[in-house]
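Below you'll find the structure I mean.
Each chain carries a letter (A, B, C and D) given by its place in the written order, and its residues are counted from 1.
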Amino acid sequence: MSSLVALPILIPLVAAALMLVVRNLFAQRAISFVALLSSLATATAVLVDVWNTGDIAVSRLGGWPGSFAITLVSDGLSSVLVVVALVVTTTVLLFAVGQQTPDEHSPYYHPVYMALVAGISQAFLAGDLFNLFVAFEVLLMASYVLLTLEGNRAQIRSGTTYVVLNIIESVVLVMAVGLIFAATGTVSFAELPERIAALPDGVRMGLHLLLLVAFGIKAAVFPLFSWLPDSYPTAPSSASAVFAGLLTKVGVYCLIRVQTLLFPGELSNVVMIVGVSTMAIGVLGAISQHDMKRILSFHIISQIGYMVFGLGIGGAVAIAATIFYLIHHIPVKTSLFLVEGIIERNTGSSSLDDVSGLARKSPLLAVLFLIPAMSLAGFPPLSGFLAKFALVRGGLSAEQYIGVGVAIVVSLLTLVSMVKIWVGAFWGEVAPTSLINSVGVLRQHRSMATATAILVGFTLVIAVAAGPLYEFASRASDQLLNIERYISAVRSAS
Amino acid sequence: MSIWAFTLIAVLFAVGSYLLMERSLTRVALGVGVIGNGVNVLIIASGSDAGEAPIIGREGVLADPLPQALVLTAIVIGFALLTFLMTLAWRNWTITGNDEVEDDVEDRMITRRAEQTAKLGDEPHPEDVQT
Amino acid sequence: MVFFAAVVAHFAVAVLALIGLRRRPVIAACAGLVVLAGTALVVVTQAIGATSAPRKTIEWLPLLGFNFTFQVDGFAVVMALLVSLLGFGVLAYSIAYFEHDATFTRFVGLFMAFAGSMTGLVLAEDLFTMFIFWELTSVWSFLLIGLHDKSEVARRSAVRALLTTGAGGLCMLVGIGLLQNQFGTTSFAQLREAAPTGKMASVAASLLLLGAFTKSAQFPFHFWLPGAMAAPTPVSAYLHSATMVKAGIVLLARTAPIFGDTGVWRWWVVLAGVITMLIGGWRALRETDAKLVLAHSTVSQLGLLTVLFGIGSPYATYAGVAHLVAHAIFKAGLFLGVGVIDHELGTRDVSKIGAARRSVPVSVVAIGACLLSMAGIIPLFGFATKEKALVALLDAEFGLVGSIALWGIVAGSVFSVAYSVRLLHALVRTPNDSASNDEHHAHHEASALVRTTLAAPVVVAAVVSLGFGFAASTVGSWLVSPSSALDVKAVSKLALWPGINDALLISLVVIAIGAVIGWKAPLEDNSAQQPQGERVFDAVYDATIAGAKRITAVIQPGSLPIYVGVTLLLVSIAPLSATFVDGFGSLSGLTSGTALEASVSIIAIVLALGVAVLQSRFTGAMFLGGVGYAIAALFALRGAPDLAVTQLLVETLTIVVFLLALRAMTRITTRPVARFPQITRMFIAATVGIAIPLLALAARDARTAPSASQEYFARSVDEAGGRNVVNVILVDFRGFDTMGEIVVLAIAALGVANLVRAAEQHRRAAISVKEVAGS
Amino acid sequence: MIKSKILEELIDRWLTKVGTLVAIFITFRGHNAPGGGFAGGLILGAVFVLQYLAGQQPTIRRKPILNPERLLGLGLLLALVTTATPLFVGGAPLESYIWSITLPQIGKVKIVSSTFFDFGVFFVVVAVVLMVLTFLGTRGGAISHEPTDGAG
């Protein structure tokens, strides 16, 4: 299995390189799909193997011993996230191809998108702190290009905010990596835990905080999130959907690694406070907005808060809940952005002032929105409910009553904002300006609708298969907390 | 670490931070450049002691090659970032005739509305009343 | 399990109606009728002769104990029968009611989904299972209340209902979580065995009560129910009389035996119930819209049921079950009856509905019978159940709470008699302006079939109310099993004529006072203002949004320099805090360095300061290049020739890039009006500048472990085939980093190309626009 | 740009050739002495920059490289293929192999497979410099000198 671990990174990269040579649009689309589907196949094979054996699959690049080579480590958490990421990116690609604008607009859309996928996979798999930084750069650079794909005024303005703050993030991250090397003499995840534990308190705390700030910017936690709502709404919807669903989650994933592997259980109060304030501030931002994309963007922040809160609680139960939350939230958020993309494509606007009466025009679209929206608001029996309830249970058993209280209020406010979108965009008179084409909204954009439906279906599958999935999350959480296992798996990998 | 490296790092980070907080994108890019150099010096100065070039066969104490390799990668990535950022500034200029980062329109609107509501004595803006 | 299949069948019909049969809603409705009738049949056949209550668990997320558990005990049977039989009646009625309404498709689908959820809810033997269906009913009712979504009133009411019940649901969720954490179960039976006591139990019980109160529209959450009358009549009749509002009552009924003795519980339910009863009664007396009168009366009756089920005495429970059945029957009849009048006259104004006597006499008589049942007049069923309630509370020994409950109910009964009589008065009175009704009549000629379909359920409700009244003792014996399912001691009986006792005397006084008040109550009284509760809700809602905006305005100013400043401040806090933990001991680790290093460093420092001070873009770029060259020299001095060469070349290229981009721009950077004070910027910059090298020094000092490079030195020549270890690391040991790095470089180049192409495209578009304008 | 016949001649005749040779040399010797694909690529890149500044098309042996994207793709492919090939023969990605072959006259030569990776790096760096010159330089320059386009 370990030979397959690297493929979800290498296949998209090869595809990207090929597409620079082959510039025909049809060929590019074909290559993209083949690359993503084959990556998905290999990632799934790894996931199944990890699931069945409970082992950690390790690929040692260059074949050098795990203690000093760059390794790609696919434990429970990584393997499942890679699969989810590939499912999401594949469906979004289908959406983008249906939307046609991005890839017809620029011959670079497909190669850059592939690089983004490779970067995301690499970030999830990296077993080495510096390699993680490189993976971040790959996905960030790709996201810069995608965000400014059309190069119009709005995109340049928001792209600038995004680029500058993420460059700062990169600077902080590489600085943190350099200092961690200075203090420990290694950057390998397997070697770091023991050496970090031996450091004096102050240095350990300083390095820890630097990493938290770096990943906190990426994860968009309070007070480092401000770039997100200003930049995502202007991106092409196929790009913002991936960004919304995946990129912040890469940050959360890294926070999980920091809190479980590198600095286990340290500063958990800080993390928890950050989580709680993030969810509150995010949702307050969301209910202040009048534009669908901005509401949804602020919601990303709020939902990240939940995950960070779970991470702050710590312990096997809460971390399992966090992992489940992470898995559920990726497709939910992405599908909401896709629905928004369809709306914008049809009405030319994402402002609640311009759009209304959509439920009448396209009941199916209404359903496609309602399911993930209610999931996000935590309504049963959808996946969001399970995730939220699991987290609430974790918080209650850790006696974090304030956090749980905030989580509950935030949940209600989430409902408020989802209802705001629903009432504004889906109910009411059909706005005269909306719907350029009055016949069947979805019939016009079959593959956009299909892509959205696949993702919504995926969220439903997560709800139905919650039992085994949660069991997996729970095992992944146990794996995370068992650091020795990780270390020995990497060191003894062959 | 020598006192000179220490001071150099301090100055580079301070200058870089200062420039990053500017509105002009060119200045921000200069800030990125300065702070990027700061990081490179930081990694080398804190990661290894001075020594001979780490080429096997050379005399003397060889310097630690790993920080050098990391910094090499960081230098190139920094160049990539700067290039893109400057192109962004250039594109900004071709659109607006300046290279300044404007404030986000929607955010300013919310701010304005919040200020208005504060003045009107808690009367909500008509748009904000639920429908 | 057949019950589960029945629930699933509801949803199947719902999906069918919404997707498969969108053009043929009537067929979907008929399928729904079959399912509802089938469910009723299944329930009855299963219940008759069953010795034990069948029970079934379906695992969902066993690890957290999230499973569906259903149990068909007596109470579940009664509730399920109510849900499916009333559903049958309402759905049949709606086929006629929605005759020309395009929303019928949506109605049928949502209605069936709702009925399915409600059936699931009443069959649940587990708080968790109940909660799932509980929240589902909230969603469906939201969509049903907003069925006519073009009306703003409908939309607002739907939102109020959803947010209120949603808030309650969330409280309930926390309560369930607490119980589950504490006792490892959410099953009613197992919780009863665990007999929770103490602070945690009180908190959990209170949270569950909040859920029940919001759902059943108890004070102070009573406002959403009348608002929900914006929904079409069948929706109001079903959701707000028979089913959804009863969900809270079901929860109370199921949990009262568990929490009845946890101190807070009884006070909560009695106070909320009594206040609700009085407020609802008072408002019902004043409203002029017949449907709103009914809505407020429902609120009031729900208060009664809350007290009966919540107080936790066996007899009261029995009386509660009886009155719940009575109320469901007469209230459904009343709502549908008002719907008939509305359909006929086009108005529901109590001062005008008297005209209906002429056109739909049968329905009016039926409505009258239902009203009498609501007033608790012998021989209707409502009389028997209300008597039972009074008897039960007279017998109960709960001290002060018991007295409050008793006299609260007495006062509430006066109101219920009064508002029933007021409506009766409205029906028998001849309205003054009949002309407008005829006019309306002219263009509203409904077919005989439609009229019969509309009237039938009303008549059935009246007949049942009357029949049950006469057969009170028989019906009473049927209710033993349901109530004893809740509380084994709750065995009692009903009678049409209980004999002369305290309760009867109280009743007579109540009826007398109530009748006088009701008959005298003005029909035109129109103090039409938004109810207090709604206003409070709206004020809270608006204040929340306004507050959120104010906070967001501060936190999200939209200005990049501010974002950067905040981020940098945080970046510097990290190292500084570390320094304070460890002290400044590591400062002694500073060495003086060589003279060469010193001079190169000084050059770099001066150049860097120059970049900050100089306003010319071009010079700035040159100075930056200078800094880079100086640092390259520094690298060379430190034994890093590869680094030096690369730095030198990259720095040169950077200057070129700057030059290329700067060609378009003016030479001097403008100084825009900063919203960000200069001094703050300097402060932040200085903090970062001090903090970072301090941490670097401390980190350097803390190193005890050897560097990973030892391995590289050892293996470079033999295994990797190279002597330049840096290069071997780059292409072999850590070649994957290099891989990523060239990808970054490549994408950056593509990004540059992309932006330039975008500029070209926009330029072309602008030119062609100009040309079009020119020609 | 800089207009000077002599300079043009100088760059054309000498710098390009010498630069190319130096770049290749630096790339090759990287494994054992300072240098490598990066440095090599950057040196050749610097040559192109000089050509550009002198107002010439970047050329190698007077053949202009018209499509730098393709070169970029090929460079990436070369590096990636070197990375992935060991997977097909049962090794780890990026695993390096050393072949010793004896060439007539030159004698024993050690070929390390990671050298191919370094070539990939070399091409990518060259292509990136070329792209920046083509787009931000030539094509962007055509736009920069006009007033704002107002579009967008």
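Keep in mind that, in the parts below, a residue touches a chain if its C-beta (ideal position, glycine included) is under 8 Å from a C-beta of that chain, and two chains touch if they have at least 3 such contacts.
Bear in mind the structure is a predicted one, so any value in this text is a computation, not a measurement.
Judged by contacting C-beta pairs, the busier of the interfaces B-C and C-D is B-C.
Chain centres here are means of the Cα atoms, and by that rule the chain farthest away from subunit C is D.
Centre-to-centre spacing of subunit B and subunit C amounts to 43 Å, using the average Cα coordinate of each chain.
For the pair subunit C and subunit D, the distance between mean C-alpha positions equals 60 Å.
Per-chain Cα centroids separate subunit A from subunit B by 24 Å. We define each chain's centre as the mean of its Cα atoms; on that basis subunit B and subunit D are separated by 28 Å.
Residue positions of subunit D touching 2 or more other chains, listed in rising order: 32-34, 38, 69, 72, 76, 80, 83, 93-94, 96, 132, 136, 140, 143-144, 149-152. Each of residues 155, 159, 541, 545, 549, 552, 556, 558, 560, 564, 568, 641-642, 646, 650, 653, 657, 660-661, 664, 692, 696, 699-700, 707-708, 712, 723-724, 726, 730, 732, 734-739, 741, 743-753, 755-759, 762 in subunit C touches at least two other chains.
Listed for subunit B are residues 20, 42, 46-47, 53, 55, 66, 70-73, 76-77, 80-81, 83-84, 86-88, 90-91, 93-96, 101, 104, 106-107, 110, 130-131, each touching two or more other chains. Contact topology of the protein chains: fully connected, every pair of chains touching. Chain contact summary for the complex, subunit A toward subunit C: residues 13, 16, 20, 61-62, 64-65, 67-70, 106, 108, 111-112, 115, 118-119, 122, 130-131, 134-135, 137-138, 141-142, 144-145, 148-152, 160-161, 164-165, 168, 172, 175, 179-180, 182-188, 191, 195, 198-207, 209-210, 212-213, 217, 223-224, 226-227, 229-230, 281, 284-285, 287-288, 357, 359-360, 363, 367, 374, 377-381, 385-386, 389-390, 392-393, 396-397, 404, 408, 411-413, 415-416, 419, 423, 426-429, 466-467, 470-471, 474. In the complex of the two chains, the subunit C residues touching subunit A come out as 18, 22, 59-64, 66, 106, 131-132, 135-136, 138-139, 142, 146, 149-150, 155, 158-159, 162-163, 166-167, 170-171, 173-174, 177-178, 180-181, 541, 544-545, 547-549, 551-552, 555-556, 558, 560, 562-564, 566-568, 570-571, 573-575, 577-583, 692, 695-696, 698-708, 711-712, 715, 732-737, 739-741, 743-744, 746-748, 750-751, 753-755, 757-759, 761-762. Subunit B contributes residues 53, 55, 72, 76, 83, 86-87, 90, 93-97 to its touches with subunit D in the complex. Taken together, the subunit D residues at the contact with subunit B in this complex read 32-34, 38, 132, 136, 140, 143-144, 147-152. Residues 130, 134, 137, 141, 144-145, 148, 151-153, 156-161, 163-164, 167-168, 170-171, 174-175, 177-179, 181-182, 187, 229-230, 233, 288-291, 294, 353, 420, 423-424, 428 of subunit A are the ones touching subunit B in the complex.
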